[in-house]
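The data blocks that follow each hold one structure.
First subunit A sits with subunit B, and in the next complex the same chain sits with subunit C.
What follows is the complex of A and B.
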């Protein structure tokens, strides 16, 4: 096969090129020709097509995402903001923490095990690239109905992939979410979050500066896996007929990644590199163009130097390959020997593939011929930007008008018991340990709290008691009803979950999972959600440090529920003071903090009992969230509560049942108002705490000081969950609750 | 001078730093040992930590057994040096024939991570002498290939000679024959345990402090000899 050189491209301006097949639009192809002053070579076309794909260029989302920067709250905590591989926040004592959540939705549908596994691998390399030691992972997951046939296929594979890869990397999996909804049946969501720790002075950036410096590719060899994975998979909707794109999914090797992590950390400790970039989506195309674009602007790469797993790969394929477990470093020639020595110690392949120069061009040669000659910024950072049309869907007002208020509610004691059990055993609220027990939560020895607690928490280093807590949340039904408020509610819940462990919320990451941006209705959801989230982050004083957008999550014309997953990171001075939700003793007083309103639209109750979705979600109250958080944080620090649990999905009934089961003791609730509202409302800014008689007065005073309503609602003890109210009185044995709560997932997935 | 306890890092070892922490908390000096040398750095005892050495390719522990450091460890163990294999380390000890039997895929085929109750049945081995007879403890268990298997004669012999150091109680998590969680060799200096005592040594970071006794046991033996 002849090589399509830059000279040949100049000489044959009218040669036909497969720009459309590679996912480029006519105007995008025209713009490439304009930038280059000639047609692109086939290698250049490959690079532009992957880098200008939705997944890499954020071309549809960019104009909206700017709000996260424009509306960012003033904070000294942010050391590295959006735009780098991951944001970095100051957590005190000279430590910094970096965290980010990303999607691997489409690959995980095609090949559940490898898709989910490489999702972990990719986010871990992003964190590593910042100079940090990865210390924990989390996985927000969403599937179709738990009993659907395809869920039986994808869920076990995805869970095994996350466990198989994450466990082998030695990273504790400390939390996440598992949500089932019809809309994810043909498009499950597999998001992966990683958090890493470093000292301030160790932060690294993806930059190639210093003329004469070397570009070193190290890690796994480059193969044919994942070619076009990004552009083909992440930017195209699945046909209802199902996938036939298996070869595009990358195949992971966690052992190689583990060794690569240790090798990188040893290299970082020696302070011998100028810049570093991981190879993820768009492989070498992405790494070289981003490094060059961020640095002095010039780089020459000899593509023949790339170690290959498959000698028959064409240069275009090498540029596009998404083979996993690879990194690219920039270093001074004087440090090369030491760099190579460390790689040899860890048996990691490393090879110089190029040099940094001041040409302002990224040039790539293959068999002595020039096949790429481009301004790197035009590949990496100056991709197309779209102002996609958006409009509120015609059905939105009807959806909002269809409130859950007229649905039949339980009245008799038997009906109340039935409702409690239906919710406690429903797939979204049932015990998830069938899934989470397949993940190692102990490795590294710093896990202070993990699933099913409100937030995962790890000590940042064993020389300190300082820790970070993280929670990811999103109620996509709320976002469907009102995307602006729904995104704010996702933030509220994650913020509350972090505070409920006693940690102070500090920063936000997000993974915005939506349908096709070419659908104005989806674009409206997206725009509303981003605006809502940016506004709420400003109000709560927590900046967005980075994240990821995943579009095209739909099957045929049907988009998923808009799912902006929000991750909040908080800091706690001493992890030993953290709060858990298990009831630790009998005779504790249960106090509900916050105001309970009759809010049932989009609730778990409406979903489980009536399969109903309509109305308006609970009204966010960000100021109330902030005050509630202050109460919880102070209460933890001062030792004023014995247990705490946030109130969200399934309301007070679900929360107290979980506290009972976790603590293995009963509780009695004495409700003064309407029992149904008290038990199942999903009003925001609420938590339930358990206090001893000594703690009670202090906690009530603290709540009053912050203007947080506090109502004594019951006591711990006994072997049943008991509810007394003016309307109804009932009791359910803990044994029954435990059986119902723990049976659901094993019954569906244990074969 | 406090005893020196080595912890081997193979490529793919994961709980090596955790084992070092446990050794430090027990009062000994942890010493990092590298798989690629035969140098035991004058340590008094060795811990083979958990993880996936060499990616567990071929079989768990099968490649690690041939690493240079294992040659020295096998010799030292045969000379009486205390050697403790945890999880993957237990698998390496079986592959090295320092302990009988093998560890196979969990019977339910899933990786499992949970707090596991054990009964200590041997209080004379190098790593269990600090426990009371039949003491019940809770430490984390996390493995994919933790099902202990050996022929009936070997199992009978382990039972008859008191070489089963710990058994799973309140539920066998992986299908181990006779609920075996850990065993020792005839001399009592080589011990393999599938659950992870190094993750139960610090208040706030594990289900108990029960794991510390494995490390203080060997420490008191080293100090007294």
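What follows is the complex of A and C.
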């Protein structure tokens, strides 16, 4: 096979090239020719097509994402902001943490186990690349209806893949979400979050500087897996094309990743590298072009040096391969021997594939011929940017007008009991331990709190009691009703969940899962959601440190519910003071903090009981959210409460039932107003706390000091969940609640 | 009774971590001529009645739907002599 060299490309300007099949548009191909002053070689075409794909270039989202930078609140905590592999925040005592959430939706649909597994592998390498030791992972998941046939196929595989890879790596999986909704049937969402810890001075950046420095590829060999995965998998919808056109997926090897982590950490500790980049989507194309354009701007790579698993691979395939568990480092020649010694000790293959220079060009040779000669910035950072048209969908006003207020509500005691049980046992609110017990939550020995608590919490190091708490949230029904407010509500809930464990919210990451950006209605949802989130982050003083956009989540023409998953990270000085939600004793007073309004549109009740979605979501109140957080954080630090739980999906009824089941004791609620509103409203900025008689006065005073309404609503004790109100009085035995709450997922998936 | 064997192998472009582990172990044990190892699964099916085209078609279907994950694996079906 002849090699398509740069000389040949210049000599044959009219050769036909498969730019369209590689996902490039005519004007994009024309721009590549303009940049190069000739047609691209096939290797260059491969690089541009994959790096200019939606997944790598953010070409449709960039103009909107700028708001996260423009509206970023002033904070000293942010050490590295958006644009690097992951953001880094200061958590005190010289420690920094880095965290990020990414999507692996399409690969997980095609091959659930390996798709979800390599999703973990990829995000862990992103965190490692910042110089941090990965310490925990989390997975926000979305599936079609729990009883749908395809959910039966994808859910067990995805859960096993997350558990398999994460457990083998020895990383605790401390939280996440599992949500079922019709819109995800045929397009499940598999988001993966990782958090890592380092000292301030250990932060590393993806840069290739220093003329004469070496480019070293290390880790697994390069094979033919996942070729075109980025441009094809992440950019096209699943339709009737059938399995034949499905691209091959990647298979991960967590044990290789584990030694790669340890090898990298030893290399970092020896301080012998200038820059580092992980190989994820777009493989060597991405790593070399990003490293070069972030550094002195020039690099020469000899592609024949890349160790191959399959000797028949073409240079284009080598450039695009997404083989897992690979890293690329830049180092001074003087440090090469030491670098190689460390790699040999960990049994990690390492080979020099190129050198840094000051040419301003990324040049790649293959069998002695030059096959790539490009300005690296045009590949990595100066891809196309689209101002895609967006417009509010015609159906949006009708959706907003269709409130849940006219839906039939329970009136008799029997109907109230039925409603409690229907919600407690519904797939979205049921006990998730069938899933989470497949993950190791406590490995490494630093986990202070994990699923089903409001947020996962780990100590950042053995030598300290300082910890970080993380929660990811998104109620996509709210985002559907109003994307601007829905995104703010996602932040609100994650912020509240972190505060409810006693940690102070510090920074935000996000994974924005949407349909096709070519659909103006989807683009409108996206634009509204980003604006809403950026505005709310500014108000709450928590900057977005990074994240990921996943478009084309749709089946045919039908997009998923807009799902901007928001992750909030908080810091707690002493994990021993963290709050959990189980009721620890009898005769505690239950106090509801915050104001309860009659807000049912988009609620879990409307969804479960009436399969209804319409109206306006609960009104966010960020100031109230901030004050509530102050109360919860102070209460935790001062030991002023015995348990705390945020109120969100399923309202007060769900929260108190969960507190009862977790603490294995009953509770009695004495509601003064409308029982239905009291039990199932999903108003924001609320939490329920349990206090002893000694703690009570202090907590009430603290709430008053922060202007947070506090109402005594009940007591703990007994073996039933009891509700007394002017309208209705009922009682449900804990045994019944537990049976209903825990039976749902095993009945669906345990076979 | 006829025996039909279904061999399932990871597709050639797919990473085989188990095969790789065996390959490394073989090398450590001194079997230096082993250049590469790929590991697969073998299913032996005892079949009632004649192994005709219909029987083979049904085994093919079984392999496709249950024995192999055709997203990442290939399989072959062959009849063994008794």
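To be clear about the criterion, the second predicted complex is superposed on the first by the 743 of 751 C-alpha atoms of A that agree within 3 Å, B and C clash if a C-alpha of one lies under 4 Å from a C-alpha of the other, contacts with A are read in each partner's own complex, and residues count from 1 in each chain.
The rule we apply is simple: contacts are C-beta pairs under 8 Å (C-beta built on N, C-alpha and C of every residue); 3 or more make two chains touch, one makes a residue touch a chain.
Note that the coordinates shown come from a computational prediction; the quantities given were computed from them, not determined experimentally.
By the touch criterion defined above, A:253 reaches both subunit B and subunit C.
Put subunit B and subunit C next to each other and count what each touches on subunit A; the higher total goes to B.
Of the two partner chains placed around the shared chain by superposition, subunit C is the only one that A:110 touches, whereas subunit B remains out of contact. Looking at the shared chain after the overlay, A:70 reaches neither subunit B nor subunit C. Once the two complexes are laid over each other on the shared chain, residue contacts for A:223 go to subunit C alone; subunit B is not touched. Once the two complexes are overlaid on the shared chain, A:310 sits against subunit C while remaining clear of subunit B. By the touch criterion stated above, A:160 is placed in contact with subunit B alone, subunit C being left untouched. By the document's definition of touching, of the two partners only subunit B reaches A:168; subunit C does not. When both complexes are aligned on chain A by C-alpha atoms, subunit A residues 253, 255-256, 347 touch subunit B in the first and subunit C in the second.
By the touch criterion stated above, subunit B contacts subunit A in their complex at residues 11-12, 14-15, 17-18, 21, 36, 50-52, 54-57, 108, 110-114, 140, 142, 144, 196, 198-199, 202-206.
Across the complex, subunit C is touched by residues 110-111, 114, 220, 223-225, 227, 243, 246, 248-253, 255-256, 309-310, 323-324, 347 of subunit A.
Here subunit A touches subunit B in the complex through residues 160, 163-164, 167-170, 253-256, 258-259, 345-347, 436-448, 459, 462, 575-576, 750, going by the rule given at the top. On subunit C, the positions that touch subunit A within their shared complex are 10-17, 20-21, 24, 69-72.
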